[in-house]
Amino acid sequence: MSETARTSTADPTTTAVIAAGVLETEPRGRTGWTRILLGRDAVMIYALIAALVIAAISIPRFASPVTAGFLLLDVIPILLIAMPMTLVIITGEIDLSVASIAGLTSAVIGVLWQAGLDIGLVLVIGLVVGAVAGAVNGFLIAVVGLPSLAVTIGTLALFRGLALVVIGDNAVANFPPELTAFFTSKLGATGIPTVMIGVALVIAFFAILLHFTPFGRGLPAIGFSKEAARFVGIDVARAKFWLFVGTGSVSALAGIFWTLRYSSARSDNASGLELAVIAAVLLGGVSIFGGRGSIPGVVAGVLLIGVINYGLRLGRVSEVILIIVTGSLLIASVVAPSVGQAIGRWRHDRRVRRELPQATASGRPRA
Amino acid sequence: MTVATRNAPRTERTSPLSGFLRRREIPVAAALIVLVLVTYAANPLFLSQQGVKDLMLNATIMIILAVGQAMVIFTRNVDLSVGSILGLVAFLTGTLFADAPGIPIPVVFLAGLALGALLGAINGLLVTVAHVPALVITLGTLYVYRGINNAWAGGTQYFAGDRPDEFGALAVDTVLGFPIITLLAIAVVVIVGIYLAGARSGRDLYAIGSDPEASRVFGIPVARRVMTAFVVNGLLAGLAGVLYAARFNSVGATTGTGMELDVVAAAVVGGVAIFGGSGSVAGAAIGAVLLTTITSALTALRVDKFWQQAVVGILIIAAILVDRIASVRTARKLRLTEARDV
Amino acid sequence: AGGGGDGGGDGSGQDGDQTITFIPKQLNNPYTDVVLGGGEDGAESAGFASSQVVGPLDASASSQVSFINAETQAGTNVIVIAANDPDAVCPALEEARSGGAKIVAFDSDTNPDCRDVFISQVVAKDVALIQVELIAEQIGGSGEIAILSATANATNQNEWIKYIEEELDSNPDYADIELVAKVYGDDDDTKSFQEAQGLMQAHPNLKGIISPTTVGIAATARYLSTSEYKGKVALTGLGLPNEMRPFVKDGTVTEFALWDPAQLGYVAAFAGKALADGDITGAAGDTFEAGDLGEREVGEGGVVIVGPPTVFNADNIDEYDF
Amino acid sequence: MSIAPPNAPAPLLSLRGAAKTFGPVVALADGTIELLPGEIHALVGENGAGKSTLVKILAGLHHPDAGDFLVDGAPVAFRTVADSKAAGISVIYQEPTLFPDLTVAENIFIGRQPRGRLGLISRAAMRREAMALFERLGVPIDPDRPAEGLSIADQQIIEIAKAISIDARILIMDEPTAALSGVEVERLFTVARSLRDTGAGILFISHRFDEIFALTNRITVMRDGRYIGTHDTAAATVDGIVREMVGRDIDQLFPKQDATIGEVVLDVSGLSRRGVFRDVDLQVRAGEIVGLAGLVGAGRTEVARAIFGIDPYDTGSVTLSGARLKPGNPQAAIDTGIGFVPEDRRKQGLVMDLSVGRNLTLTLRNTLSRAGIIDTAAERRAADTWSQRLQVKTGSAEFAVSTLSGGNQQKVVLAKWLATEPRLLIVDEPTRGIDVGTKAEVHRLISDLAARGIAILMISSELPEVLGMADRVVVMREGRVTARLDRADATPENVMLAATAEPAPMLEDTK
């Protein structure tokens, strides 16, 4: 065979720099420990620690066990619901009805308790109500195939409406004092609420489920590509169904906590909590498009918001500032990485340009 | 080898009527008509002159917001900050009338539109320049704008009495039976509708929502179009804010709180696909009318007040279901009559 | 609940170093602002070292709790609160008390067990009666009426409504008046506006509306003034003069009532001071000096009454500015 | 120094020494190409050689890190795709980029829809023009249907219609024929030649040498991101080009090994799905490779999806080694020992945003766990083992699989199924868009598997591949099996006849 012509524009320097198809001087993708220490989750944890330190130094009385108690009691509902919500968002769905489910649960246990049922039975029925509500979402989303954002806007209204139907304009407050006292009790002198033990169990359950089980391995795959997930045998519909049952059940837990902590069962309990939960989850590094996210990051995100909230309140900074800070933090948490990426890209381009010979100085008018 | 194995394309066109019936707005519009008729049968006052006027007035602001929101959703984005934008603009309107007595009404409108567009542009910039998901950004600006509104307004509220009568009259006077602000909303639907269906840049919005990556590869100026959608949405939220001030009694720190999900619900009920690419502003507008009418209808039907919200929820879900059934039908038809052996 | 103790210890006791914090139902509400204005005045006159206003932006049941918690930890001596939910705030208030703080409820009471005194606008029954009286007069003593309230759970609203219903049932003067509906505008302008509309449609023979909430009465007035029902359907209730002025002038509303909200805050501050100084304990019969407003007495159940409601109409409305 | 023949007209486009890096990956080290008016220029190279990257630079989608780029002799630096379009460059990308919600006609004309009254888009004119284009390409596609649900072949045809509708002076086609059948390829070539004759320059990328030699005037070879050389097609040979592409002599292309055929592993009988396929009977034995041939759209993929449980079926049964398979349950199919390499690796074969490692172990997630908890160390080991065994070229197992070239992606798909040690492996178009070197490797792998006693069902639109690899060939047409041929009887003529016309009497039924 004949070669009509042959050119080689590659000069020796270029060849040297990019010998094995890989830039020698370029930092490789992070692996192993650096990946963990510099990852998104780690940054959230550093931010949390920084916020704690700053608050402890600048706000008198912040550094005390009392803070731990009040702060944790405040964030528990968000922390609880954020766990299954993380999994749901990782599969690319969303559940806006969580606060309404908590409200419905609260209403149901209020009415049943007033009707004279045994408190244990009442709480179990409350949980079942949450699970059933979640199953309704799950059925519509996973089985019928409706978009979750739309469905749960509907059930947000529906479940809150049902709460009103159940309890109307009444409020039930006379829960057993031992029980309500238990929900605000602390673990010895640590200031940590006793119920945190249960919450920690819930967190551990979802962390293991997401990060160390076959089921959890499938979730990011579903979030990135439902179709490809199906081709490796993941039952997408079933996984989603159970996740919504999960958010329903945990929302019911949050509803129970809410009712007993404030010893007040009302139809409007926990209203508006859905956006707070989602904000915390997104701040914790979960991608709203699905696929990416982790439980440690989300826990750090929830606590960060909690610390800032409580710190500012203790410092008597106005609520107005607080919501501006929360909003800005949320924006910053997603904008910062993309700014970081842009800087990285720019530095990479500059390095490459320095290393690769620019063939003609004049010939490349940048339009 | 020949193409003999393939049938010739079917020459008959799908009839205009069946094409019309397949449109996604139809089930919602039908639901709206049924709702109105049933309510009317039970309570003739529902369609009295005042009743009809009230229905239109109730829907007006939601229609304008839903049209803007639909534009953003077409591009596979969402704007949750509209309620906060509306609140800020409404308060601006109140402030202008209070602090600059005698200010011409058109100037107030322009100022409101400008502030709305500015706030929309901030959303758009963050979304397009920083390449971050709109849901997160606008959830953030929802809080920030609301915070600014609170900081600015404090406990101040402006009441109907602080505004010139001609301004309030916009929400009272009618032309051909239509309140003036409702006519404005209809004009918005028509103009935006024509733009989206008939202008190249309008069609681009659907393409972007349909497949953002492909749009980039194809050379559609994605950032510019998405930016446009956000700015227009902000502008319309601004318009809604000014009209809110004309129609309602007071504007203050909390005006427009909690509206965002209702607006998204209206668009979705009207057949706007939440993941972009399909739907129409007419559909979104009908969705808005349906949702605002449900509340009035239930009151007119004397449905127990505690049931009202639950019924609204059921209707939202029913609307999505109906829409879904319709689109599954079309999809099945497409599958059975595959493109090339139509 | 031992945690609150170490917070409260250092601030209390020394006179002249006392702090007071007001926690309204919701910030940035015009009515609340007037109340708080009076409160801050009162706090200064009563001799508090500093006074604060903290509170949620939304009036939900439990949102006040974390503010109470923060105040407990900050060692505030007197917490003045308008409860969004009488029971939800209780555990937190108990904790604050065990840390040494004195609790004054005002505007909307908490569960009596968890506060020291409650500063009430007026006698609840008086408020109810004056509204029935006004509406009966305006509709000529017979016909259908409706109530447009705030939220379905609001304590004070529900108490007034209860008295209104009792009075309509028991007083033969009102035998021809029929209460046909109770609706809730959730103290939201838009919602109240639409509820007002709905009332007209659902009850074509409606002659009058009572709206015992400032947001509700203003929204309803605005609706009536722009609709064909103006002048045909009577409206009364509790409203702010500044907000209602145009509707009184244009004839939509003839008369409505309210107490002076500033006095409420003012008295609450003095009650707090008296409690903190140990002058009173909140028991019935205790008396304290409330600055310019003179001596007040704690009544049954620890309730302090501020004063009678004022009736506003076209003749006197311009004399008030709140 | 010029690569153009003497007396040649001035080049339409010339790129020299272009480089492009993604992080540490050098996609292109020396991209060089020259396109003359009136020529069809082939660009060949192994998977990952940098062809698509070069195309994306020409299209203005990537900005080169270095190099000269001239259009009509003037230096240019495109910032966006719009710039390259304005310069008369039209590109068909390797992966179709259609908008599923828009109609076919709108997909073709998006951004430059014909306008009518008041400057508004005229749908009638748009439909007319689309019909005319399809007429020209000889394919009847309804211009009013949405692009959603179109087969890959139809999508590719719409891409082609889109590109030629622009009347571009420079047409770049990145593997346009990968999803097309013979008829459609022929049509495409006719159109390409007529464009060339009007003076346009066409850059054509393909892994199929028959097409390259039938269509092009010159061939440029790339390897490892570098320009190797340019040849006149008339003077070039397949062997010579291949040697330049891979830098070595390659093994036999269809290395069919003898295997002992054992028991029936897969037994499909009477499988039907309304409107898709009817009465499909199929058997695959241990160690046997059964080729499923037919034209694009014959329903082969549909049958495979039904067997694996992705799609439901109406009647019939699927049995694996005597055990009846639950319909519509892929996990059950995997558990009983079926592996499935789907035809669309980007959407079905891989989770593109997930790392190489996670993709590899996704099929193993159940087997790698003890008491419900995944053994992460074993997971990492499995990922390393299998990516090494199939020689997947990647910087790290933690990189997203989307950063790999097409061929390497396909290797990951194969690896993740081989890792499950299946009894039956269904491979759908296993070498679509894969270079010769990798192709031979894939073939060797498949052949190895059969030799180890695994039953293989291979769907392929490439006749030589089917004939070269299969022990038996089953031919489908319009959803029905029209012939079953033993290796000896499977001639190109017999297969094509069964695929396109009524079953001829001479075709014997081997069942």
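As written, the chains take the letters A, B, C and D, and residue 1 is the first residue of each chain.
Note that a residue touches a chain if its C-beta (ideal position, glycine included) is under 8 Å from a C-beta of that chain, and two chains touch if they have at least 3 such contacts.
Being a predicted model, the structure only gives us computed values, none of them experimental.
Contact with chain B and chain D alike is made by A.
Looking at A-C and A-D side by side, the one with more C-beta contacts is A-D. Chain centres here are Cα averages; for chain A and chain D they lie 39 Å apart. Averaged Cα coordinates give chain A a centre that lies 29 Å from the centre of chain B. The geometric centre of chain B is 37 Å away from that of chain C, both derived from CA atoms. Residues of chain C found to touch two or more other chains are 27, 57-58, 184. Along chain D, no residue makes contact with two or more other chains.
Within chain B, residues 150, 273 each touch two or more of the remaining chains. You'll find the chains touch as A-B, A-C, A-D, B-C, B-D. Residues of chain A that touch chain D in their complex: 1-10, 14, 18, 21-23, 26-31, 35, 208, 212-214, 217-218, 220-221, 224-225, 227-235, 291, 348-349, 352-353, 356-360, 363-367. Every residue of chain B that touches chain C in the complex is listed here, in rising order: 43, 45-46, 48-51, 54, 58, 150, 153-157, 159-161, 168, 171-172, 248-250, 252-255, 257, 295-296, 299-302, 305. Listing the residues of chain C that touch chain B in their complex gives 27-30, 32-33, 57-58, 182-184, 189-190, 193-195, 197-202, 204, 215, 218-219, 221-222, 225-229, 242-243, 245-247. Per the touch definition, chain C reaches chain A in the complex via residues 1, 3-4, 6-7, 27, 52, 54-58, 60-62, 65-67, 69-70, 72-75, 85-91, 95, 111, 151-153, 158, 184. Contact residues on chain B toward chain D in their complex (touch as defined above): 1-10, 13-14, 194, 197-200, 203-204, 206-207, 209-211, 213-221, 273, 276-278, 331, 334-336, 338-340, 342.
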